[in-house]
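First subunit A sits with subunit B, and in the next complex the same chain sits with subunit C.
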Partner chain A sequence: MGEKTIVLGVIGSDVHAVGLRVLDYALRSAGFDVVNIGVLSSQEDFIKAALETGARAILVSSLYGHAELDCQGFKEKLIEAGLGDILLYIGGNLGVGKKSWEEVEKRFKELGFHRVYPPKTMPDEVIKDLKEDLNIG
Partner chain B sequence: MVLNNKKWDEKFWLRMREEVLNTWHTGKDVNLKLGIEYHKSLPLEKQFDYVLKKGEKEGKILLQPRAGVPILKEHIELLKYLQENEADLLPTTIDSYTRQNRYKEAQFGLDESLKEGKSLLNGFPAVNYGVRGCREIIENVRIPVEVRHGSPDARLLAEITLSAGFTSFEGGGITYNIPYSKDVPLENSLLYWQYVDYLVGYYAENGIIINRESFGPLTGTLVPPCISISIGIIEALLAAEQGVKSFSVGYGEGGNIIQDVASLRVMKKLTKKYLEEFGYKDIHLTTVLHHWMGGFPEDEARAFAVITYGTIAGFLGSVSKIIVKTPQEAIGIPTKEANAQALRNTRQTLQMLENQYFIDQKLVEEEEKVIEEEVKSILDRVYSLGEGDWVIGTIRSFSAGVLDVPFAPSKFIHGRVMPIRDNNGAIRFFDFGNLPIPLEIKNFHREKIEERVKFEKRPVSFQMVLDDIYAISKGRLIGRPKVEGKR
Partner chain C sequence: MLGIFIDFGSTFTKAVAFDLDKEEIIGKAKTPSTVEIDVTLGLKSVLEEIHRQTGKRLESFKLKRACSSAKGGLKIIAIGLVPDLTAEAAKRAALGAGGKVIKVYSFELTNEDLKEIENLKPDLIILAGGTDGGNKYYPLINAFKISEISLDAPIIYAGNRTIAKEIEEILKRSGKEVWITENVMPEFGRLNISPVQEYIREIFISKLIYAKGLEKAQSFINSIVMPTPLAVLRACEGFSKIFGETILVDIGGATTDVCSISYGKPTQSGVIWKGLPEPYVKRTVEGDLGVRVSVLSLWEAVGEEKWKEFLGELNSYKNKVKLLSEKTDFLPIDESDFYLDYILSYHAIKLAVERHCGYLETLYTPMGITYLQYGKDLTEVKNLIGTGGPLVYNPYNISALKSALYDEKTPFILKPKNPKIFLDKEYIFFAIGLLSEIFPEKAVNILKKYVVEISY
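Up next, the complex of A and B:
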């Protein structure tokens, strides 16, 4: 697969499928090759899909509040798999309870994510960032 | 054993039960006899079915929030706070690891939560706490508590929580599989839920009535009424066969009040009719409205409007209870204060609506006719595909697309139906997939969508569906096209 391949999925025991469907549609419409691994995906599922397809970015979605637990050690595993440089985004409802967005963003940047998106981010913003980060027009 | 819609043989159940109770160490503390004795000692006010009946008698719509945190003490405090803030029925929402039977991960999340003194799980890990921990909940509140989750295999969860004194249990082999899992075959989840229903039936045989509730909203995203009603009826029939005596069918608010009221009426009427027709004449049937289950506005003032608006549909549709959303829905799991605010908001709305059944009966009846015919033709086909067996019919229907759910993660469905709003915000079919909808009604849907196409001067497309998905969170019911310079 080529320059525009990205892996998309919902991590952990999360089953929220609607946003994924929407992102899939928007990313395809924007010309990306989307490898959608679906809901209930483990860290290993993401890594396997990225390795198999030579993807340039992994987009993780989480809506149910366990993202912090589900993403622990993900970056380390990516490095181990030789994917230390892959672009890593996450978005959704990332914390349980009311926490400031700055806190949430900081926490996930520490976990190795390049970009962290709050709830209600529209696909256009992600697409713009992806194109910029991947240097594609 | 062949999977079909026949009441289980007790020996078969007992054999499976041994396996189930051994899947996590807390299973060994479950004792049916002691559980039944405990239920017998519960005051009426703590019994779900009793409170439902009392609500009906008094003409009062009951309110139930969603709530569950991992630390027991905090969970009890949360529930006590909600019972002082207009909740008539309490929930215990189970965390997502437990829902997937990942008790080890739930334990880790629970341990970390205790260590850090904050909630890292999105619910209460009831299996990990076992009967004793769960019973502390029942001991410390004065109203009934229901287990709410989303688990395709809730056998152990049911054993533990029912034995602990919970008096209602949500879910079903369809509604807790298709929207909640990716690769659990229906054959499995239907079997697991027969187990749960048989267990509830076992309690009933011993004089303990436990309420069972189907999860009507499914994916919570523009689900056309005929889909959730058909599935609710099937789950009621399956539960009744295993001996369940108190059953609630649910419906997620769609947003067009005429359509919502019509749906609620059809849901009650047809569920009753099917139960009676198939010989289950002693079921106490109740109805539930879930406030809007899709995306919410972030602005709490706007979110309250969505909540209040949904309450009106529930009132006009004369439901038995409303499952209340909170103003923090868009952000994640709400604080207890936000939860209580929503309950007080809903109570205030209901009490102001008292006796005001203002609605255009003619329009509601027209809509009722459409929904009724859709449901009947779907169920006719399910029954004939099953050669007279609802379980077999369900499995065959999903694989043939005769039953289908929009936006569901399960790979065992067609996933071809696509909903869209019409020009009045009612949910119609943009793509019927393989649903057996009569041609005349298909044309009705198309005409309704055409009105919107003309009004918006744009063709029907997936973009229009996307606009509908996000419309409410952005401030309106229908996903109108963007106008330059305007929000």
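Up next, the complex of A and C:
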């Protein structure tokens, strides 16, 4: 663990585990040290895991459509915990209803996420971005 | 072969003598502890009593071993990073090694914390924090801060291994005694507490015996080999090897200990297990629940409403409880004393087991109701054992012990539902634990003989 440590989990009351497994596998294969905190994880669970493991990024997954609610105040809590600089990604089924993707992305960026991914994003894209953002080859 | 086992407790010094060939108890003795003056006084007195009962002098006993919880037990301070992660892991390591955790600190130690640590005078400090390769800042800063205070307790470092060398240097430079071992949480969510526990025991044997003034007893007894709670835990482990998953309640004047030898996995479907993984052998200690030294905090923890339900008018009891808290070696004399001790034990056990067991939390998700389990599910544990003076010597012990059972009024607290109940009626658990390291089979046979199942 160390420079390539990232925390991965499904936020809120969401129990969808399949995508998480896929991401876990892909990220590990790409050389990352994955701290997978599993489904039904609260904001606090993410923060605690990142603190202990010295992670450089948090990847939030959400499928059930309540991500926006679940992520309210997350960035503020990270700042509070001294993790204001940590890289924050989110992906999945983030908006319910007829909102355009641009609108959804904008909302989550306002919540403090550095990158926001729509459904059907391939793990390779996330891995490429992570490497770039973390300056690792 | 004959064997004698001594427990240097904080209130009483106890001895049990066995004929190990016949696997029988041949003598038992108990006297108020004299550790504060001279540990050998109490020891000589119990040996005298054993001689009176068996006609055997100490020389006749081939196996002589002792455990101790004298002078406040093995006082440990646990320091970690996140309260429910590495700090909790360090705490569990200490408890499972038979220690008495006097304080747990998380994040960065403040000046007030440091002053408090100096005043608390621990026997041992466990410093943890960060997974391997994880956080370095907190363990380092805490090591720096500890290096600056006046403290001669040994420090076990069991945090992020990347910085172990640096931590060792920081602490050694200021003349502290440092023991470096594996991380209590090498990766996120994985508990690794046995390496720390081995060191705790080693430090106990090599140093703390002297710090507690027990070394004079060493010339009588070959060795004081472990803290008393660890001996009880070992006996419980031996018991569970024959009888299956077990929960043990050990009630005393100052604390109520609960040990579970169980995986504690969810027993119902659709339950998701959250939180830190549970150690198979788990011990918790409730420092506020006891029937003498801690009786006032027990009184408070339960609340007067509850006491009224059981005792009726409280005025006379209040005085009596206060008396018990002052006269800590008081032994019940008449019926009313026994009854009060029973009611006190009942509630101490009830609360201690509730705190030890896991619980379920209901979660309403868009996919329906889900249950989260925190801690161990002990509903299907096969055996419940009761030990400790207030229980063993009380005629109402079975009723008191039943408070450890599952209660339909609080269905989310995962207490044992239908266990067999056993009572350590000869009060020999510590001796069994001490014996089990040398002759595990004999220990088991004696256990079977003297720890009896009770029908209820």
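As a working rule, the second predicted complex is superposed on the first by the 137 of 137 C-alpha atoms of A that agree within 3 Å, B and C clash if a C-alpha of one lies under 4 Å from a C-alpha of the other, contacts with A are read in each partner's own complex, and residues count from 1 in each chain.
Simple rule for what comes next: a residue touches a chain if its C-beta (ideal position, glycine included) is under 8 Å from a C-beta of that chain, and two chains touch if they have at least 3 such contacts.
In this text the structure is predicted, and so the values were computed from the model without any measurement.
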{"item": "Fit or clash - subunit C, subunit B, common subunit A", "value": "clash"}
{"item": "Which of subunit B and subunit C A:35 touches, first, second, both or neither", "value": "second"}
{"item": "Partner chain in contact with A:18 - subunit B first, subunit C second, else both or neither", "value": "first"}
{"item": "Touching partner for A:51 - first (subunit B), second (subunit C), both, neither", "value": "second"}
{"item": "Touching partner for A:136 - first (subunit B), second (subunit C), both, neither", "value": "neither"}
{"item": "Touched partner set for A:119, first subunit B, second subunit C, both or neither", "value": "first"}
{"item": "Touched partner set for A:66, first subunit B, second subunit C, both or neither", "value": "both"}
{"item": "Which of subunit B and subunit C A:5 touches, first, second, both or neither", "value": "second"}
{"item": "Region of subunit B that runs into subunit C when the structures are aligned on their shared chain, from 24-32, 96-104 or 276-284", "value": "96-104"}
{"item": "Doubly contacted subunit A residues - partners subunit C and subunit B", "value": "13-15, 39-40, 64-66"}
{"item": "Subunit A-facing residues of subunit B, complex", "value": "95-97, 99-100, 102, 105, 108-109, 112, 118-122, 150, 179-182, 219, 221, 294-295, 298, 328, 330-333, 335, 407-409, 411, 462, 466, 469-470, 473"}
{"item": "Residue ranges of subunit C in contact with subunit A within the complex", "value": "81-82, 84-86, 129-136, 160, 162, 185, 187-189, 272, 274, 363-367, 370, 372"}
{"item": "Contact footprint of subunit B on subunit A as seen in their complex", "value": "12-15, 17-18, 21-22, 25, 38-40, 64-66, 68-69, 93, 95-98, 119-120, 122"}
{"item": "Footprint of subunit C on subunit A - complex, ascending", "value": "1-2, 5, 13-15, 33, 35, 37, 39-40, 48-49, 51-55, 64-66"}
